[in-house]
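First chain A sits with chain B, and in the next complex the same chain sits with chain C.
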Partner chain A sequence: MENIAALSNEQITRDLLPQKFGRRGMIWTGSLIVLCLVGAYAYYRQLKYGLVVTNMRDYVSWGIYISNFVFFVAISLVGSLITAIFRLANVKWATPLTRIAEIIAVSAIVFASLIIIVDMGRPERFMNLFIHGRIQSPIMWDVIVIGTYFFISCLLLYFPLLPDLKILISVKEKTGKALNKLYRFQGSFWKGTKAQFRISDKAINILCIIIIPVAFCIHTVTSWLFATTYRPGWDSTNFGAYFISGAFLVGAGGVVVAMYVFRKAYHLDKYITPKHFEKMGRIVVLLALLYLYFNINEYLVPAFKMKKPEEAHLAQLFTGEYALLFWFAIMIGMIIPIIMLVFTKGRRPLPVFIAGVMVVIGAWFKRYLIVTPTLLHPFLPMQNVPESYHHYFPSWEEWAIAIGSLSGALLIITLFARIYPIIPIHETITEQHEEVEKK
Partner chain B sequence: MKKLKKNKLVWLFLALSVISSNSLSGQEDSVAPKEIVKLHYFNHNNSLQYLLIESQLKKGKKIEPQKNKGFNLFLDKVQPENLITRVYTDNSGKAKAVIPPQLKDLWDSAAQHTFLVVAEAAGKGEETTSEFIITKAKISLDTSSTDETKNISVTVMKYDNNSWVPVKDVEVKIGIERLGGVLPAGDEDSYTTDSTGAVTGEFKKINLPGDEQGNFLLIARVEDNDELGNLMIDKKVPWGITTKQDNTFFDQRTLWSTRFKTPLWLLFMAYSIVIGVWGTIIYLVIQLIKIKKLASLSAEK
Partner chain C sequence: MSCNCGGNNCDKNSRRDFLLTSLLATAALAGCSDKKNPFTPEGEVIPSGEKVKLLSVDGEIIEMDKAFLKPVPDLPQLSNSEERKGIAGKKFVMVIDLARCKNLGKCREACNHAHQVHPGQNWIKVLGMEDSDHTAPYWQPTTCMHCDEPPCVKVCPVDATFKRQDGIVLIDSDRCIGCRFCMAACPYSTRVFNWEEPILIKEVADDQEVVGHHYSCETSTPQKKGTVGKCDFCPDMARKGELPHCVSACPNGVFFFGDMNEDSVTNGAETFQFSQLIKDKAGYRLMEDLGTKPRVYYLPPVNRSFPYESGLENEKQEDKKAN
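Then we have the complex of A and B:
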């Protein structure tokens, strides 16, 4: 952000104000809405005819929906990484990325909650989970921790937004009447007094501290949904750390992609610079190496012992029915990004963006591979069941709902960027002043 | 030239074998599947009589259950007033039927009855009728015990000329009802009735757990007898060891218990975390309200 030192406050405000959708923005938003509507129609069919419209049967009872849920939970962890950890570590260069990270976290956690309800055959019985819930069940822990994380993420998004709301209210002629009403409703009470800043800063610090253990909990508990079940591929004491490392990786990958897209779409080259990509590239490569380490642990140790049920599971992953998908996820999700990002030239904006896209795609398929092949390998052999029970490939309704949910998350991010500044204006101005004073 | 002749012979042989194999498989395909219908008659405790129809299709050497096949069951004659019931087979090719009360007079009128099973016509085929003749019979079970031995006596009688007469040479199984099936009560798996229609077996399974009063069920069975069908009788006897159900296992505070029996340590941990985190969230919301109040204060000034 060194190059913004010469910019005036007005210039920064003008650059960072939310912008109306252009032609491309309209096409993008329209496409997302269409995909969401197709997903909603598929869900309507699922509600009408029941879970029979899916290809989930007795054995694969957690299909693409739960894979998607794990993916959303994973990507939501990025909020704690970029916002909380960087803030607490006083990492100044990450300021333009904090709001991007937080909105990714909020949108992902919203759809993580929704997709778990979609997976329920009788969603109207959701309340029974609270009325008759057992605190001994990891599913109950997951419900509690997801709700908690959602609230904390919303607060962490809202508190730093307050000073920006004041700026947005002051430029009514640029933002429009309707949006101004919204800004007034949300932040007209923010006057920017010292006392208000003192309380706000303290609240943000508390949030940054509290979100880290909650974020760790959310993904550890999600991993325990699997690890507390005695099945090949899931029966691991390593699962919590394995899931968290993977979550940090996909979260960082998601931020890198969003950084590049927003930089291009909103012409934010002065604020999101090659330096940001260089640093985020380093983080992604570190996290990819860490996740690769946990992957080796997850597969090497059972492969060394080669217990019979584990053997069938591993054989299907490494050389069997899922081999193509497995190696694709490993290569795209870890190996190729590591090779690309380990070199300085690979940490320029475009290569980092490509590596980020690969990490996110690889991560989605990795979640699918964690969930499905294990369910097809129960300890007792599958006997006297229809042939279709031995395999799983999602139905069109499942694909439509999964793609609809991913589009929904992207739609939240897109609409947020349309309404609010995607880079904190006030913080950017403050840091610019600090830099000028230092000089 | 010789080689050519030899080759011709080989080709001829191959062509013949292909034709013959094709015609053989064609013959096999053309053989119509054969329908097999079996009827089993059951008499439980001399009171409840029911019938079990088993329908199968034989295709070559393969026998498969015939699903959703309709049958009309008649007693003695194929006429509407003698209709027992109409049934359809399930996925295992079986269907159950109970003799209805309106046929009681007809059932009481004779010692021997014929069950007529009329299978619904399949496609362009015709209805087929199968006959099964059953003689009315009853089975009784008595027990006697001394200090040292416990004996079980079973008698099998059939209805003949308006009176019950003993049936000789009937195979009877005597056992004890357990969770996984019937455990033979004596040394023998089965016994054969004498001229008085009786068998006696000594109860050998001592120290067998019973219920809370030490009871278990003794069972005597005649299985798939050509003349009498399946007869079964049971009797509760106090020959077992009394067992007390241990409910303490379910009464513990464990991870697998109901929500009312959550381990205290887990309750403490979970609630501490929830209260700690949500307490902080509430505190932060209060801070937000404070910020709002500060604004109104500054406006008043």
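Then we have the complex of A and C:
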């Protein structure tokens, strides 16, 4: 952070304080709210008429709700990567990115939980999971680890926020009365004493250590929802690692996109620098290579043997009905970003941002391809069912709810950045001081 | 217990049925409190002088006037926990003889009717199978396999689908949360989902025996929106000492139902020793390699009663109906 060495504390604070929405911010937030409302209306229809408003039927009994759920769980893993793994590995340059990563994690995990309730035929019986819960079901494991991950992520968002809340409270005239009340409620006990910092640092360290196994659990268990069944395309011992590597990739892609947007929207050029994009570009390319490796494992080995149940499934992906989508997801989700990012020129902010967008879009469709085509290839032939049971394409309600949930996650991130500094002020100042002292 | 009553009931039912019914009736009596003593007549009763011997709650043989007895319209209602336990001493098993099936679909019809299955969906599917290009095609009626290692039960997060001591896998639609994990887990694709508010077709709605009772896991009716359903081996029929609907509906005697402990299966007209039948006809189970241990056995389609082609017209009708 050489270029902020010259800045004063006041300047940094002024730069990083949450800013009111401009015209573009208003349009953005307004559109997200509208999309959420459309999704809510679609869900109201689903509650009224039942899951019949979706195009899921007895064979394709899981559709984009579940693939969207997997996407959310995947992207939420980034919180543990940037915050915990980088912190424990003493990667200092990632400090400005921690809060971005953590809020992505929290909002994604919130919507992962919501979308799984949306998928339930009887959401009003949700409490049965606790009243009649049976521990041998992978769904119960998911409930447990996702709950745990949510709480740890919230704490990891909250503890590093405390010193910043103190700063926010001190600049009352700039933030307004209502927000000041909120800051006081959340952080007035924080005086910034040495003892408090010691406790906070210790707590954050402990959380960083425990969040890593929990993060691995949430996505491994999510992969087991599929891998514990017999179905071709899901029945794979590779699934846990395959999902984890894909999750870190989409999470890193998400952070890159968010970095770029926040940098532009809030004029944070001094704090999120081309150096950050260069380093994140390296991480994305590494993770994309890793994910590609697991993809080759996942598809090449069964394709080599071509067991009968696998054959129809693989043929449909490679050359059949889903071929276009499959190769699209592979290309823009992995191959093109890898080609772009291995070159130094490709790791400038804009290309990294574009690669990040491609990774995220590719990842969303990849999840769809993991869930749906498999269900169209049961062991016994699909007969004695209405014609509509032989295909699946999401209904408008499903699209509306899926898009609404994605908008909802973005809305949480947007509102969070409106209320709190998206780049940690206190940590930035501390590190600037360290830099100055070194010199 | 001796049968002194000489009433109509005894004439109609077989001895075995009567024994089962009376046993259950005794069990129900044992559970009764003083408040609802079935021996207390509702109105004025004039003793007839004809005595009947009964087993009392304490296990003593008692005698009472026949006039005080009132006929029980049906078996006593079972509690949910009773339904979850299943029928003691039974291990139900089904044998499906592929050599006799010509895809008439009577099994499916009777099953859908009795279980109020949503129009378009089927609990029993009669699949036109052809294992490879040069092997003979055959019709395969497919029910729930009632696996001894049921993958669906393993994954259910709320114990809404469960395995009973009599071997039957059932669904409790009052508990099911509709996550459909069981549907993904079942390799036989036997489970269906109530995607919308259940619709009763006219014939079912008119049938007083089928509609109009409260929900029970054993009858699986009435169907409930947002929950999973599947073939239940008709345990309500077994309790009455009767055969499942598909078995009695099939005019060709394809389905055999019975008890492994008794080692006998019957299609209503013929009764076989189960172990001998499987041995003689080389019975097998579906997808043995998955380790699910089904309770449904198939007899291979050899020495067939009908050529495969004779079932094709029925197939067309089914397709028309489906579309």
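Throughout what follows, the second predicted complex is superposed on the first by the 439 of 439 C-alpha atoms of A that agree within 3 Å, B and C clash if a C-alpha of one lies under 4 Å from a C-alpha of the other, contacts with A are read in each partner's own complex, and residues count from 1 in each chain.
Just so we're on the same page, contacts are C-beta pairs under 8 Å (C-beta built on N, C-alpha and C of every residue); 3 or more make two chains touch, one makes a residue touch a chain.
These numbers come from a predicted model, not from an experiment.
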Three-chain arrangement built on chain A, chain B and chain C clash or fit: clash
Touched partner set for A:62, first chain B, second chain C, both or neither: second
Contacts of A:344 with chain B and chain C, given as first, second, both or neither: neither
Contacts of A:190 with chain B and chain C, given as first, second, both or neither: first
Partner chain in contact with A:90 - chain B first, chain C second, else both or neither: neither
Contacts of A:237 with chain B and chain C, given as first, second, both or neither: neither
Touched partner set for A:202, first chain B, second chain C, both or neither: first
Partner chain in contact with A:132 - chain B first, chain C second, else both or neither: both
Colliding stretch - chain B into chain C, listed as 204-212, 258-266 or 276-284: 204-212
Common ground on chain A, meaning residues reached by chain C in one complex and by chain B in the other: 132-134, 136
Residues of chain A that touch chain C when the two form their complex: 49-52, 54, 56-59, 61-62, 119-123, 125-126, 128-129, 131-134, 136-140, 143, 225-226, 228-231, 375, 378-387
Chain B-facing residues of chain A, complex: 132-136, 141, 144, 148, 151-152, 155, 158-159, 162, 188-191, 193, 195-196, 199-200, 202-203, 206-207, 210, 214
In the complex, chain B residues that touch chain A: 255-259, 262-263, 266-267, 270, 274, 277-278, 280-281, 283-285, 287-288, 290-292, 294-296, 298-299
In the complex, chain C residues that touch chain A: 108, 120-122, 125-129, 142, 151, 154-160, 175-181, 183-185, 187-189, 191-197, 225-228, 287, 290, 318, 322-323
